[in-house]
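Order of writing sets the labels: A, B and C. Residues in every chain begin at 1.
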């Protein structure tokens, strides 16, 4: 066998190894979501449950998972909508009119670098006075703060890539600036909007730090519900795993079907 | 004037008492929703089990679950935020000073006196004094009703301790009879004696997996309770009367050393053991002895949970010998009480739900396996008909052990700021257990931390709170 | 012309207005508030009046609080190790993928899954996988004759477990960035270098590294900042324990703020963190700049 094909084989073995390591935890949590109570405490561990215990799914939904799903969805969706509605015009203005020069753009980016804990605390005190603790609006606001810079940054990149000529032609035809933005620039940025919509949704959907502090009886996003399955007297591993599977569904869909948008979103536009 | 305001408030809460309309022991509210917060799982199960009764009384219960270790944060956050979302709160009584002292809870005395007594009186005089005085009162007023009387109990494997071969071997090795350890010194010997490798013989059986003498609560959160069982029995107390920490005395260091030494006879991953792991290790038949909360006793008798049904013995937590006398102390970490939020708009209904759980249904709750609740009323000890043990002798032994431990109860620190003091202690205990620091250094660190916390929270007020706490320990008969 | 410019500016301001106002209100506002609080003794444990204490909180933290200082050291090591190891692993995976032409897109999807799922899920997985008695990791290790440690229960391995979980989750992200950078390497340059006799390490250092730095640099910065902020994993995997062996800065700040309810102290803590992040990020950017990378 030639040296070349040996290298080829070694490469595939290495890739296979990488895949196994990266996907094994997912396999484990899927298997766990189908285990019966006793199967979590055996030595050696049960790798594949003998009789899939499907009831973990309805059970976790019934123990608050359903509310978790709908709450998470509501909040993530609202935060996504607000981020786009506010982010798109801002990105357009920054890209086309250089408003605030470089400083504004960098300030916006730097907000994403803050440790959330630095703002959670004062936000909490402010929310307390504004009655926003344990409300949908409160969490939507929190997520918008870290989603908006992302939306602006990504869309700015997309708009900068658009040829200016079409917009200039429209201007000559007498369109107002806002019409140009709405009727020409915005439709052309559609792929950017898709990226932003997906990722702002996922970021809000995935968050735990804000959720655990600002949620309560009215609002309990899914990650918080999962944490509640770990009681003082018993950790409901089956239900936790089932809820976790439901929690990663949006991300799985993203990774499978919308892969071409994945790169740009994950890298905040650094990779086009 | 104030009275009138209260009456008005009561009217606003839509309470209609119609004695003729319903069964004698249920009030009749007009569609009131009571939001209850507590640690999710078996400690809120009672709300489901008795849901029909609440419905009959015109009350809808809305449950909010927190995690076991996150309950305090959740409640405190909501209290600090001044929200009125929660009507009834279930919490661990070491926070009574924090919650009542900051005015988050409604005093209950007024509701307790309401007529007819069959509906409103929680029969506090029937509650075991430690729980009544320390769990429920703050600065002379009652702010909470007991719900879960937690005290640590020594569990051991009766079958092994009574095995003739083992008895003979122990006699030969240590020159005394094999028995549940009376002191922490004996505890180490017994733990050492029973620790076996896979393949060794235990009570005539060849072991397929290792067997361990004992285990401790090694995870973060309540590890300190297992240290307290040593610390308190050597006459330790958290502070002197001037709030100077007394947590690093020589006796305290020796106590912590004893706990560290126990790890030699414990499973290798004992530092990750919380309540569940510690319980499972014993119920799986992997341990000869364990100190655990009182509810574990009931679980040993449940074949669904336990592989050692009928084999568990219950005894007093070991003590420390001084001047020829053995002092026993059983810490009372966690526990649960029911209280009414000061901001609640349905205080009366919330109070009644609390009272119903704390009194009327409590004999069933504390005896059941689906609950995490443990006995706290005299009647829970005298009327044992609800407990499900394989035989009458076990019930008697169990109840007697819990009662005896409670007599030696050692309370959790319950002054405002308790969460910080206890966290500092807990971290230090675990550092000693994991070998990161030796017991002396670890406890000296706690004393320093505690001084800092007191300073930060205001030395004068803290001192006042501490002396009030000491007073309540005395009132409960736990301190001379 | 001037009028158009003026109108442009008005329009632009109108467009960014809402977003900037919102961001300002919910970031700068709270930050100033938090800064003010950090100079007081505000706490919610006892009903004590609040008063100004000057820089007491800061001086206590920096000179007297060994728990804080060790959390700081631990966090910096965590960030540094994370950035270095994850970048190297990412580079390894990227260079594997670079040579695979046909199935690359097919492979990329599954590889990226960890980076898009919730860290909460990653953490719960971690708790099962690292479980010393019932977890699969030690089971696998036992099969190859290694006695696995009690991962989450030992001070030596608790933070390592957090680290491994984070690395599992975020190495694919770095691989993706580095792959993109590698793909953008102009072939002529590589060929020219090869003709010059550059091989292996010197080729990497002289050609590949300068080429991938600008893109990878951003990714590494993002990763560094996120590593600094690690909270969810610690909260769910170890709660900072055993002892405080896995207490990161953000977790300790959380404890002070939301367990001990000392907002003043916690605020001072977060400001020190903010300053450290800024200094580290700035000097990193400066370094990149000097190498002409960004």
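Brief remarks on what is shown
In the analysis below, a contact is a pair of C-beta atoms (placed from the backbone, for glycine too) under 8 Å apart; a residue touches a chain by one contact, two chains touch by 3 or more.
Computed from a predicted model, the values in this text were never measured in an experiment.
Under the stated contact rule, the graph of chain-to-chain touches is complete, every pair of chains being in contact. Of all chains, the one whose CA centroid is most distant from that of chain A is B. Chain A and chain B, compared by their mean Cα positions, are separated by 41 Å.
Separating the centre of chain A from that of chain C, both taken as means of CA atoms, is a distance of 16 Å. Of all residues in chain B, those touching 2 or more other chains are 69, 77, 80, listed in ascending order. Residue positions 41, 43, 212-213, 227 of chain A each touch two or more of the other chains.
Of all residues in chain C, those touching 2 or more other chains are 133, 258, listed in ascending order.
Residues 7-9, 11-13, 15-16, 18-20, 22-23, 26-27, 29-31, 33-34, 37, 93, 96-97, 99-100, 105, 107-122, 124-126, 128-129, 133-136, 139, 142, 168, 172-173, 176-177, 180-181, 215, 218-219, 222, 225, 228-229, 231-232, 235-236, 249-250, 253-254, 257-258, 263, 266-267, 270-271, 273-274, 277, 281 of chain C touch chain A in their complex. For chain C in complex with chain B, the residues that touch the partner chain are 41, 43-48, 60, 64, 131-133, 150, 152-155, 238-245, 255, 258-262, 265. The residues of chain B lying in touch with chain C in their complex are 69, 72-73, 76-77, 80, 98, 101-103, 218-221, 267-273, 416-417, 419-420, 423, 427-428, 430-431, 433-437, 452, 456-458, 461-462, 465.
Considering their complex, residues 11, 14-15, 18-19, 21-26, 28-29, 32, 40-45, 47, 86-87, 89-90, 92-94, 96-97, 99-100, 104, 108, 111-123, 125-126, 141-142, 144-145, 148-149, 152, 177-178, 181, 202, 205-209, 212-213, 223, 226-227, 237, 240-241, 244, 247-248, 251-252, 254-256, 259, 262-263, 266-268, 270-271 of chain A touch chain C.
Those residues of chain A that touch chain B in the shared complex are 41, 43, 64, 124, 127-128, 131, 133-134, 212-213, 216-218, 227-236.
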